[in-house]
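Got a structure for you, written out below as structure tokens; questions coming shortly.
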Amino acid sequence: MAELNILEAIRLGMDEEMERDPNVMILGEDVGKKGGVFGATEGLWAKYGDKRVLDTPLSEGMIAGAAAGAALYGLRPIAEMQFADFVYPAFNQIVSEISRMRYRSNGTFGLPMVIRMPYGGGVHGALYHSQSNEAYFTATVGLKVVAPGTPADAKGLLKAAVRDPDPVMFFEHKKTYRLFKAEVPDGDTVVPIGKADVAREGNDLSIFCYGYMRTCALEAAETLAREDGVEAEVVDLRTLRPLDRDAILTSVAKTGKALVVHEANRFGGFGGEIAAMIAEEAFESLDGPVTRLAGPEVPAVPYQHDLEEWFMLSPAKIVEAARKLAAY
Amino acid sequence: MSNSKTATKPRHADLGLSDDDVLAMYREMLLARAVDERMWLMQRAGKIAFIISGQGHEGAQVGITWPMRRGQDWMAPFYRSIAAALTFGMSIEDIITAHLAKGDDVSSGGRQMPGHYGGAPYNIVSVSSPVGTQVLHAVGLAMGAWVRGDDSVAITYFGEGTANQGEVHEAMNFAGVHKLPVIFVCENNGYAISVPLAKQVGGMSVAARAHGYGFPGITVDGGDVLGCYAAGREAHERARRGEGPTLIEARVVRMTSHSSDDDQRRYRDPEEVAALKEQDPLLVFGRQLRASDVLTDEIDERLRSEVKAEINDASKRAEARPDPDVTTAEQWVYADSPEAAAGSAAAAASEQG
Amino acid sequence: MAELNILEAIRLGMDEEMERDPNVMILGEDVGKKGGVFGATEGLWAKYGDKRVLDTPLSEGMIAGAAAGAALYGLRPIAEMQFADFVYPAFNQIVSEISRMRYRSNGTFGLPMVIRMPYGGGVHGALYHSQSNEAYFTATVGLKVVAPGTPADAKGLLKAAVRDPDPVMFFEHKKTYRLFKAEVPDGDTVVPIGKADVAREGNDLSIFCYGYMRTCALEAAETLAREDGVEAEVVDLRTLRPLDRDAILTSVAKTGKALVVHEANRFGGFGGEIAAMIAEEAFESLDGPVTRLAGPEVPAVPYQHDLEEWFMLSPAKIVEAARKLAAY
Amino acid sequence: MSNSKTATKPRHADLGLSDDDVLAMYREMLLARAVDERMWLMQRAGKIAFIISGQGHEGAQVGITWPMRRGQDWMAPFYRSIAAALTFGMSIEDIITAHLAKGDDVSSGGRQMPGHYGGAPYNIVSVSSPVGTQVLHAVGLAMGAWVRGDDSVAITYFGEGTANQGEVHEAMNFAGVHKLPVIFVCENNGYAISVPLAKQVGGMSVAARAHGYGFPGITVDGGDVLGCYAAGREAHERARRGEGPTLIEARVVRMTSHSSDDDQRRYRDPEEVAALKEQDPLLVFGRQLRASDVLTDEIDERLRSEVKAEINDASKRAEARPDPDVTTAEQWVYADSPEAAAGSAAAAASEQG
């Protein structure tokens, strides 16, 4: 077991997959000599060379579309979007082509590829370096979407994504990259796509979260236990599509109360799907309204410090929402 | 190229093509045209809801595609590429089956509209509707060959309107940077549905853009099949020599309305439409082959009846195929069954590569 | 009062707005001499000329981005996407720029512009001429999203959209274009953005819908009344963003049961937002689970007739879902 | 253009520029550089979280922008455009305020990162982060002028990496089709963060692409301020004459790391970095002006101290401004208050138009 932060875990995951399979390659902006703007690919260019760690021109459409073509050819590309905020030039390739190549060809063409994207706020990135835009991809049939919250999950899910026969959107919350270190199983440990993780057990209410929110929710849960005697169950979804419905419904059946937390704004956000699913399938076991806690209804995170703080969710805000629901 | 002087030896001989070769090319064009016309018949008969046609594009497609190697090279076509797909080895029956949307159709199992063929067994990428997306796939396929060090060339086809999509620019630039083994074929028929070249292409030439990406762009007359062949062969050789991409702009004619949903009389002059007949590449190439004593009425007759018979057989077989089974409609959203991995081009290619 | 179909109503609305305000212009593919692939702009090119009814090159990014620039200049562009399925090359302009120009400039730059898009299936359009992709836009803060279901609403909302100071995504269900004629008030009748319409009153359950689903829901409601004695209230949302929460909650308060219907696939679809909102805010008045009826979980509508029929919602499918909910 | 022979008359006189004009241009460059350096000081002092710098680009920006008409033309800049924005009339205080993210900052009220200035009062479109989007806005502004028949020119600036975004292609093609009054300025500094020109631009020349859209593309040396001015003036006149767009590629140097988050020593040779000093456009232009006896040590001193004083004042005033009021954070998602309509550029422009 090694102690790694999430950034190191992702790098190690890619390194091991590239060693394992010569078809795995990385492409993106500044992923080569510079090692990526966050350092995720540091050292890999020196180790695997110009072609397998490929600095592309500044064209996200090209990155996604060429990765798709390479996947058709038999490679297993890992494409990096420098920031999730800059994925939109690639949206046509991802939605029109990558998500449905298999369906439209009746299963004869598959696209095993990964698109890695740093997302999320709290790093003074403002409107265009802070977005949590997972809802565009969770709404897209044919994609898989993961958002790990721990180093072990980051590495294990990265490996699963690279080996998956279908395209995987891999969301990395940039605030968590160096937030903490934790034990990561050595070697070939794969975390299956589609399985949630009960990060903390509790009987009073369920908190559903992913990415950076896992850390905030766990901290909030400790406060709730300490100050309110409320035992919150924290369920880290890890995979957003396909969603682990069983894990969610099992937890709600136990607690009767569901709090769905995400950093993105609420209206039209992914939380709506989780909340609606719970409301429909767990109707009889609900002791309180399925509650969503999400970012405010503005286009993205504003820059100035106080404004950013106003936008961001936090353990304190989760505690507040959980108290209201627990008291219901 | 179209005006290169005629030698005493027939021009195709200069190009290293035998009489049989050029007759085979002519036959491929006849075949593509006949399949296309059959689709229209089926559409009028109510068997097909929608038709988008390659009539007028066949010379460019057959000529340029001729040098491609089946099973080794890759093709990312568009919705007018019947002639190219046939030349690259797709069967008549599979083309017709795709239009009839049959359940065991290799292209999409009846999931896609007519004109959206393709298939892993042929190295032909599944056609989609959003124009231009396939150009990046071709570049990605070429990148795959380049990363692996394989001798494989990717070719892609698109219209002059599509040339103005941002993705086409991104594709050509990237291919230019790394001298990828890819051939860009722009079939310029002067219209994007109703929008004429002058309102579509700044500078009026798509070929002229290649220079800005660091590779050659040439314009060929789509009626000059041998000129198209020469351009395709040179582009293919350049790609294999590691010298990078070529952009070939073929000036072709759109002999039909944009599709069965369109009526070009709304935006095209009657004279212009009338003049199209004389520019029919089949007619032009046929005359050339007669002039060089390769084609005779008798051979022409024979070829046309052979082609007709083949299409009749293929149509019968295609029509006899079963409609899709609705219970399978949710299959293949993901590789939810073992066959997927096996059947996927990815898997196939990895075995090759 | 004139009897018009939806296509005629939209055309008339554009015509009247162009007559009223010389700053209004139309741009898109084939909108000029051809009059659009569906005929929505027929006659307008002859009437207003080459510049105000502008045939653009085949570049959706350009259509949206140039419209935004023109709006900055002071024009009021109506941009047409030939099919909603082909909006993705413009997604970067719409999400990164158009939706947030006002917010990021602290209100000093506004973008009064409309993006019209034919959407929806049932016309043998297959995967790429049938999409209902409204969820990508309802999830985008800064946009307004409308989806009329009647000729009068189509004309009135089109006028409101043209006059709105902010960008409006205007969804036109192509199957409804010529589906029926109905009375359209003459002259300058504007239907306000943000207000739902109770298309049919009822006390037993509420059906929330928009676009073509209004027609299907009303037909279903008649069947339910006739065959089951169930009186369904049909609420046509008309505007999806901003959502008319009051109208929705008022109806649920009355009926206690909510059925949310849309053609797009369920997971991550817009219905999740509506259902989650109801489940959270009307928890105490619910006599049954908030139920969603939506398209199947495939990337888009398949082509072949039986497959398309399998995909599409219908009055019969709505009746079936409503019966289950009513019986709850 | 950079190598045009020096006449007996100083070159700027040939260009119709007085000694005062060129001194004013030189002063604008000094100002832009000093503002830029001040931002770095504030960043090191912890007052600003992030800096992205225009050092090395000032000659191109001031020279090309000089002919633009404030209040009548429009500008869609990018994040290195401090010199261009100053030249177009934006105040020092507003630039600094934007970097300090103050509440009454005209650019964004503190909502955007440093380097994301702009403002309706200046006809400068608000800068965003996704590269290249502004190029389409400039084309749309030019389309607006063209539809209205106004005498207004739009100018936009972007890097050579950004030139490879699809939207830039779509913008140039459309501008070429209708000969719109727009000027495309590519500031080619040889790097897109760490990616060098050779891995970025197929063909190595952005200017070469203009030909493919049917309008002229020229390359100028960003150290040759007068050459940049001549290019900008000619482009501006072409646009006003209705002859359409011009693409100007200015070869400039990036004298700093990409931003305060980057360390260019990771990917740039020390020799290359060391050599940048000599290519500093301020140095080069200053030498030229000395050679033609326009600039003296004494004048240089005076200008530098004037500039310094202005910046000190502006900084003081900017720093004294209030931080954003958090209770306003939800304002202006939509035009939710009457001021919006009034304040919006749209409204402003309609009054003009």
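Every chain is named by a letter (A, B, C and D) in the order it is written, and numbering of its residues begins at 1.
Simple rule for what comes next: a contact is a pair of C-beta atoms (placed from the backbone, for glycine too) under 8 Å apart; a residue touches a chain by one contact, two chains touch by 3 or more.
Computed from a predicted model, the values in this text were never measured in an experiment.
The chain pair C-D and the chain pair B-C differ in C-beta contact count, and the higher one is C-D.
Farthest chain from chain B, judged by C-alpha centroids: D.
For the pair chain C and chain D, the distance between mean C-alpha positions equals 41 Å. As a whole-number value, the distance joining the C-alpha centres of chain B and chain C reads 37 Å. Centre-to-centre separation of chain A and chain C, using mean CA positions: 31 Å. Between chain B and chain D the centroid-to-centroid distance comes to 45 Å (mean Cα coordinates, whole Å). Contact with two or more other chains is made by residues 56-57, 59, 61-62, 85, 88-89, 92, 96, 100, 103-104, 127-128, 141-142, 297-299 of chain C. The set of chain B residues that touch two or more partner chains comprises 108, 111-112, 116, 128, 130, 164-167, 170, 173-174, 177, 199-201, 333.
The touching residues of chain C, when paired with chain B in their complex, are 29-30, 32-35, 37, 55-59, 61-62, 85-86, 88-89, 124-129, 296-299, 302-307, 310-311.
The touching residues of chain B, counted against chain D in their complex, run 164-170, 172-177, 198-205, 208-215.
Residues of chain C that touch chain A in their complex: 85, 88-89, 91-92, 95-96, 99-100, 103-104, 127-128, 135-136, 138-142, 241, 243, 265, 267-273, 275-281, 283, 286, 288-292, 297-300.
By the touch criterion given at the top, residues 74, 76, 105-109, 111-112, 116, 118-121, 125-126, 128, 130, 133, 136-148, 152, 154, 166-167, 170-171, 173-174, 177, 331-335, 337, 339-341, 343-350, 352-353 of chain B touch chain A in their complex. The part of chain A that touches chain B in the complex is made up of residues 23, 25, 51-52, 56-57, 59, 61-62, 64-75, 89, 92-93, 96-97, 100-112, 141-142, 144, 165-166.
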